[in-house]
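The same subunit A turns up in both complexes below, where it pairs with subunit B and then with subunit C.
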Partner chain A sequence: MAEFTLDCLGEACPVPLMKTEKKMSELAVGDVLIVSIDHSCAMKNIPEWARKQGYNVEIEEVDDGEWEVVIEKTK
Partner chain B sequence: MSETSQVSSASSIRRSSASSRRKPKKNQIPYGILVVLFMVVVGVVQARRDPMLGFYWMMGCIFGFILQKSRFCFTASMRDPCITGSTSVTRAVLTAFAITTLMFTAIKYGYHSMGLPIPGMSYVTPISFATAVGGILFGIGMVIAGGCASGTLMRVGEGFIMQMLSLFFFVIGSLVGAAHFGWWKEKFIVHGPSVFLPDVFGWVGAVVVQLFIIACLYKAAILWEEKKMGGNEE
Partner chain C sequence: MRAVKEFFDKLAKNETYVKIFKTPFTYLTGAILLSIFQVVTFGVTGEPWGVSGTFANWGAWLYRLVGGNVDRWYYFSSAGAQAVLDRGFFNDPGTMRNLGIIFGALAATLLASQFKIKKIKSKKQVVAAILGGFIMGYGARLAYGCNIGALYSAIASLSLSGWVFALFLFIGAFFGSKLLSKFFM
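Moving on to the complex of A and B:
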């Protein structure tokens, strides 16, 4: 299982979500994607989308107003 | 809110660079107390000048807080169904519309039944082709800018720098629009019919018709989400 990162710092909605969607489709099952975001909306809609896809999602606040969304492609 | 509950410390996903970038965070509570004090002082000062100013200040602060905490976003309500098929924000907006319908009808009917002039009737404006064109232009603009008026203001308050650019051009655009508005109004807008639903359907009828339309949109939103996202949930 590989680990990928996606830098979406400074990107407003809906760009982080669309980039994540695209990147996830390239990943193999079992891979992990870490998305860095600083737009508070993306912290809502990326996990919502990923959970609806059935992926494992975790959010980590790395700094004030800066988050890492960790998504595991489970299928 | 859910923000804290979602940030779990016990990681179930294995990752090699666990919390490599996590920095010690400053305690923000003293700043929060200072801001609340500032808000109260400004509110009291304004209210002494004019009670309505204090009321506006208070409503503004409350709206901002709710908007930020709920991530209520009119842009997302129109955009997400097209991008991901998610309609949760769309349904939140429809619910808000339904509540406002009931509340505003109650206020307006209250005035009407007492024989007083109905408040807010200056917002019953003519509808025409211009309404649709304006809606499409606004829609394109808000998706590119990443927020409508309230959303942009809320994110500027959060400190998202890109949206300060949006706010700057939003102000410029509004000024240009305000300067030209008279011409558009005279040439296009006033020719359309203005409809106040209670005049057409009666007070009860207007509420029923409006809530029925909102309920249909709500159902459509659910079906849309199932169609767009349902295939992935096995």
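Moving on to the complex of A and C:
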């Protein structure tokens, strides 16, 4: 049940998604990854990908144009 | 001041505001809007939607501004290209359209309260942006269009060239993504 963070601030698509996919593959079931993004299209493609994998996803708007995508590796 | 803050706090939670300005449109909504506006731009300006050709004209105008002359350049040598350049920056539909995209994008991000000046993370990003921009711009001129003029508008005009462009666009994107994962992962 460990918590990991991934800083993708300042990265343009599709780099945040690619980094998230890679990081998620290293996590164990039950772990949580918090991805920081400031590229609005990553707010669409990261949750879309994660939901397709069957993971739990939550998006939080932390500041103007800045989000945290919280992904729980459920399986 | 308090009333202003209260107003905006309330607005941020307003369902209609969130739906229209904050949440991204679905791909379907975007596609329908693009279809409508490309018909409008075709009807109003008499030419299909294009983006990158106008940037070449901007370059030519800038070059003229500092005393340069592109009249003998092959790319600008046609009577049509000369006529566009002679009409000037503010009498060009393409210029208006591109300015509309730039200021429209700014307005959209401000309305969504998502404007942010992003920091540059590494020198690699700078090199990739300059190099990528140069290759895209140069390639678009060689192909006589970018993914708008040579792909979107061509296919919308039932031109086979648009589909040929699409095929090579995918090949380019494939190798581009390989380079991306090699240098940015």
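In the analysis below, the second predicted complex is superposed on the first by the 75 of 75 C-alpha atoms of A that agree within 3 Å, B and C clash if a C-alpha of one lies under 4 Å from a C-alpha of the other, contacts with A are read in each partner's own complex, and residues count from 1 in each chain.
In this text, a contact is a pair of C-beta atoms (placed from the backbone, for glycine too) under 8 Å apart; a residue touches a chain by one contact, two chains touch by 3 or more.
Just so you know, these numbers come straight off a predicted model, no measurement behind them.
With both structures placed on the common chain, the touch criterion links A:E3 to subunit B but leaves subunit C unconnected. By the document's definition of touching, both partners, subunit B and subunit C, reach A:P14. Of the two partners, subunit B and subunit C, it is B that touches more residues of subunit A.
Shared-chain residue A:N56: touches subunit B; no touch with subunit C. With both structures placed on the common chain, the touch criterion links A:G65 to subunit B and to subunit C. Of the two partner chains, subunit B is the only one that A:V32 touches; subunit C does not reach it.
In the superposition on chain A, A:K44 contacts both subunit B and subunit C.
Residue overlap on subunit A between the subunit B contacts of one complex and the subunit C contacts of the other covers 10, 14, 18, 38-41, 43-44, 63-65. Against subunit A, in their complex, subunit C makes its touches with residues 24, 109, 113-116, 118-121, 125, 177, 180-181, 184-185.
Subunit B makes touch with subunit A in their complex at residues 3, 6-8, 11-17, 19, 21-23, 25-26, 28, 68, 71, 73, 75-76, 79-80, 83-84, 86, 88, 143, 146-147, 155, 158-163, 229, 232-234. Those residues of subunit A that touch subunit C in the shared complex are 9-11, 14-15, 18-19, 22, 38-41, 43-44, 63-66.
Taken in their complex, subunit A has these residues touching subunit B: 1, 3, 10, 12-14, 17-18, 21, 32, 34, 36, 38-41, 43-45, 47-49, 52-54, 56, 58-65, 68, 70, 72.
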